[in-house]
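Have a look at the structure below, then the notes.
The chains carry the letters A, B, C, D and E, assigned in the order they are written, with residues numbered from 1 in each.
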Amino acid sequence: MTIVPALDLFVAGVVLIVAVWTVVARDSSSAVVGFVAYGLLLALVWVRLGAPDVALTEAAIGSGLTGALLIGAAARLRAGESSTSAEHLGGVGRTLVAALATIVAAAIAVALLSLPDPAPSLAPEAAANAGATGLGNPITNVLMAFRAMDTMLEKFVLVIALVGVWSLAPDGAWGGRPRSYHRADPEGALVFLARVLPPLGVVLGIYVLWVSADHPGGAFQGATILAAMWLVVLMAGLGDVPEVGRQQLRLMLVAGPVVFLIVGLGGLLLGGAFLSYPQDWAKPVILAIEFAMILTVAATLALLVAGPPERSAEP
Amino acid sequence: MNEFLTVMVGLILALLALGLVRVLRGPGDADRMMAAQLIGTCGIAALLIIGVIGDISAAIDVALVLALLATFAAAAFAECARRAQQPDTPPETEGP
Amino acid sequence: MSAVLDLVTIVAVSAGVFFFLAGTVGLLRFPDTLTRLHALTKADNLGLGLVALGLLPQAGSLQNGLKLVCVWLLVLLAGATVSQLVAQAARREGSSS
Amino acid sequence: MSETIVFGLCAAVVAGLGLYGAIVNPQPLRKILAFNLLGSGVFLFFGVVARRGAAAGFPGDPIPQALVITGVVVAFSATALALALLLRYFDATGSASLRDGAASNAGPESTDA
Amino acid sequence: MSGPVAVLESAGSSGALLVLSIVVPVAAALVAFVAGGRRTAWIALAALPVGLAVAVAIAAKVPQTGGALVYLLGGWAPPLGVALRADGLSAVMLVVTACVVAAIGVYARADFRVAAGAAEERAPFTFWILLLGVWGGLNTVFLAGDLFTLYVALEILTFAAVPLVCLDGRAETLQAALRYLLFALLGSVLYLAGTTLLYGAYGTLDVVLLSRLVTAEPAVLVAGSLMTVGLLAKTALVPLHLWLPPAHAGAPPAGSALLSALVVKGSFFIVVRLWFDVMPGLQSVAATQMLSALGATAILLGSVVALRQERLKLLIAYSTLAQIGYLFLMFALAYDAGAASMLKGDALAGGMLQAMSHAAAKAAMFMAAGSIYTALGHDRIAALAGAGRRVPGAVAAFALGGLALVGLPPSGAYLAKELLLRSAADTGQWWWAVVIQAGGAFTCAYLLLVLARVLGPVNRTATADETTDETATKRGRVGWSQQAAALALAACSLALGLVDWSAWLPVPPGTRLSSSLVDTIAAAVWPVLAGGVLAVLLGRWTPPPRGRLQQAAAALGPLRRAGVALGAGFCRADAFLRQWPVAGLSLLALAIVFGAALSARY
């Protein structure tokens, strides 16, 4: 149908407008709102590209959590905007950077368009080997079986990033709690939201994980929704972030990668390869890893948003 | 039917672009929050229709997640805006 | 039968889009924050509600239909709370500036 | 087949914007924002490549789509680390400037005989 | 060395060693994260010997397989799955990394110990986990056979390295860490863009499969230039070096040693993997000459600015800049115009040997500088006199490490220089021979400058203004274990030349210091003399007020002034290049020029 490309053109057009706005905007908090809108629109683009799993991820992490992080940072940095506005690059520098960036972008575009037409793809191979894990969703197959190493290393990246964020705490506050969220006004709308939304969010998060075996979804997307819900509760002041030094919290933070390592080494000891699953046990084992993963990733993402500990660990 | 829906999506996206103008001109944080909320809703509506056009049933799940997280982002925005205005004083306890 | 369903879809979705249009124009034209808020919430619940209603017959299974209604309810909840927060922010801005 | 061309070009323009924003804007927060834009542009390249490789009944090649999911999580942790670093730097010095002399002059003063 | 034959089948139990060398640091980091408190250090120190043993076992097994040790993760063969591969290059880098990390662990035991009272402290907890994170990331970089796994490994490396820079929380280290993270992220996104295009063109990201499929198409050339420039940004090759000096100088001593010796080698190794394994046939004369020209500029700029430095740690950081340039000289020498391809020969062996000896020597020098800082309370070069008495081991380590870097026999750098000179002679590129010799002379220059100050008379004027120095801390005691670790590494770098590397590196068997005695002595004396001349001309020193030296200094008046002016010019150029917009512009310009240079051949 001729109309469909018009739709894509329009979606792409709006995405570009928002992207230009995010870069050009005068002050940063309106640029951040533009970025949140950009994240929502990107979810549309990913659905048009036939990748609902990635649309979920982009919507959840791209615009949800990253948006919340940037909004918090923009609010706190509003005072510092004057100090750096003086260093704006001169007109000549800007045009030079713009020209070079255009050339690089054009080179990538030309390269993209010159890719071979019967595009080489691993889809047939992924479909042929889907039987090994008994999972219907090809992307979960790739993440948890074919390229399980990338997924395991990625959870290690999350732990290292969290240690990096925690290392920015002042020495006195080590082992304490991240920034104190305000005791919101009890009858206010935020507390109402914090009481109604999280149950819905938890149900949706578990649903997204459970459905990921055969339909678009996944542990990361589910974890992001749980993390967002926990942050809403924290924001409303109904709960408080646990101390950084608490043992149970740390166990929860490494549960995902540790379970992954144990299953991987188990596969090695049972004669198969590292990170291989026993033949008819693949599906339950993968779901077990995913449940350990969803708790770990949700806690890690929420603590990454909460930031380094700033209050000493008073009871 | 798909042609009609495509036109509708085109219209919704146009309204979304218009909503952005308010973000551009919005003086206060309140305007920006409202614009973000409208953009969220337009995005969800467009997504639902696109899901039907390309008959991707998962688009509804994406819309669900988007609805949840647009609320979360708006709540984060409101909280930070409120705290930025009076960082340490406890919130006034006036009724809703 | 499907012609009637299609007709329902066309009518409902176009009504929904109309409310979106009204909401957006209201957001742009109205003088102060609170009136714009009024326009915005209309676009939210009515616009999306009608679009969801219009898509119900097109949705494949009952489960998808239920999810559509769920989306609408979630946006209603979001709309309600955000408008409260915006109202507080607007009053604070009004009182402090 | 046309959406891959449309979204491919859109991704290239977004990547170019990201590069431009990351280099030109002096404020680190805007650089992090531009980095996120650039990252989402590159992930869109993966999406277009995946869509071109659609075969065997899948709407897109699952391998690049899985790489994008891993990449988005890595990009998020990068943004979280960068923002935490920026906020701590801002709390420590009151300015968010990346200029060499902003914190304290790390460069050598050539006051040589 | 024949192409890797058994490339796609798993090599049985010995393959499991590859998995172990990644799992040991990762598992140790996770256990240490949960254990916390004092146990973090013990777990990390326990993991060091285990990892070293695994690395040595891998290095022993690789020559037996003839090509490379391969392990298919999850039992899935590429292109669907991910394979781990250890060829000669990765085996030697694994062993060197394990040794340097072990030495840094021993050295850091004193600095990062939990105080008596506290249950757990921020700095020790963070350091030990990030040390294991860097080690895990590096092992994955050396072993991964898939370009996207290499990307995730690079991110582990960067996220583990950045917090090390600002571990003590001072404002300028926070800024240095932020600049490092932002520029490294730009580099990794460019690398990812290149990976996308390669997958789009060939449907696989496996290194060996790609090497069989790659032809000269626009997509591949753009991918090659983007990935290379992205990796150069993470390796801080001039002009993309804006983040390195403040980051490496600001980090605590153990952190600086880790950053300078190892973290920078991770992205360098992937550039070598890209151009020698993935697309050897796509390089062009223009591109390789340009890459090595950047290396030569880095040697010149890094060394001259190092001579101008007032602080010891900044001097060593700029020396790292110069040595990174040294590593890239091998690209022009390894490119065979006739076969129009990169050859794995003397040049590659020389480059890798230089990388290994720099890793050991630079780690020793930063550890020694750390000990000198603890002993004297400051690291101002002008007032280093007396360090010899207080921390003799550290000064000896610094001197030995410096000599190893200069490339005096029997050091690894000397063998590397010999191999590079031989390949320069074979390919008739005499100008690179001149650059190699100049590199040795410059390295000797700033070494002599520091040693002259350390061993020279106590200079009254310099120590007088020590009290006004705000960063001077109280003078601490330096344990013998710290100095022993630095000395061991320096000695190890000096002895690298004695090993016969033919089993791992692409050199004919029996390549050792075979040249005659006269050549060896000449090769040893010449850089020292040239270094002395350069130090006198360009170095930052004030002639003593009276005595014979004063008349000699007066005679050199005009030359000295020219030298100082040249040095100041280089410092200004360095300060200009290290501004963020200029560095960003050079990043983009380099990507475009490199892409043009690559496609100039077609």
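The rule is simple: contacts are C-beta pairs under 8 Å (C-beta built on N, C-alpha and C of every residue); 3 or more make two chains touch, one makes a residue touch a chain.
These numbers come from a predicted model, not from an experiment.
Any chain bridging chain C and chain E, meaning touching each of them, is among A; the list is complete. This structure's chain pair with the greatest number of C-beta contacts is A-D.
The greatest centre-to-centre gap from chain B, using C-alpha centroids, is found for E.
Centre-to-centre spacing of chain A and chain D amounts to 14 Å, using the average Cα coordinate of each chain. We define each chain's centre as the mean of its Cα atoms; on that basis chain B and chain E are separated by 49 Å. The distance from the centre of chain A to the centre of chain E, each centre being the mean of the chain's C-alpha atoms, comes to 33 Å. In chain A, the residues that reach two or more other chains under the touch definition are 4, 48, 50, 53, 74, 76, 89, 93, 97, 101, 104, 108, 112, 115, 119-122, 126, 146-147, 150, 154, 157, 161, 164, 168, 188-190, 193, 197, 200. In chain C, the residues touching two or more other chains are 74, 77, 81-82, 84-85, 88.
Taken residue by residue, chain D touches two or more other chains at 15, 18-19, 23-24, 26, 28, 32, 45, 48-49, 52-53, 59, 63, 67, 70, 74, 77-78, 81, 85-86, 88, 98-99, whereas all remaining positions touch fewer.
The set of touching chain pairs reads A-B, A-C, A-D, A-E, B-C, D-E, using the touch definition from the header.
Interface residues of chain D facing chain A in the complex, by the touch rule stated above, are 2-21, 23-30, 32-34, 36-37, 40, 43-45, 47-63, 65-70, 72-74, 76-81, 83-88, 90, 94-99.
On the chain A side of its complex with chain E, the touching residues are 89, 93, 96-97, 100-101, 103-104, 107-108, 110-112, 114-116, 119-122, 125-126, 129, 145-150, 153-154, 156-157, 159-161, 163-164, 166-171, 174-175, 245, 247, 250-251, 253-254, 257-258, 261, 264-265, 267-268, 272-277. Chain contact summary for the complex, chain A toward chain D: residues 4-5, 8-9, 12, 15-16, 19-20, 22-23, 28, 31-32, 35, 38, 42, 45-46, 48-51, 53-54, 57-58, 61-62, 65-66, 69-70, 73-74, 76-77, 80-81, 83-85, 87-89, 93-94, 97-98, 101-102, 104-106, 108-109, 112-113, 115, 119-124, 126-128, 138-139, 141-143, 146-147, 150-151, 154, 157-158, 161-162, 164-165, 168, 218, 220, 297, 301, 304-305, 307-308. Put simply, chain E touches chain A in their complex at residues 10, 16, 19, 23, 26-27, 29-30, 33-34, 36, 71-76, 79-82, 119-123, 125-126, 129-130, 133, 136, 140, 146, 148-149, 152-153, 155-156, 159-160, 162-163, 166-167, 169, 193, 197, 200-204, 217-219, 222-223, 226, 581, 584-585, 588-589, 591-592, 595. Contacts from chain A toward chain B in the complex involve residues 1, 3-4, 6-7, 10-11, 14, 17-18, 21, 25, 29-30, 33-34, 36-37, 40-41, 43-44, 47-48, 50, 52-53, 55-56, 59-60, 63-64, 67-68, 71-72, 74-76, 78, 181-190, 193, 197, 200-201, 204, 208, 211, 215-217, 221, 225, 228-229, 231-232, 235.
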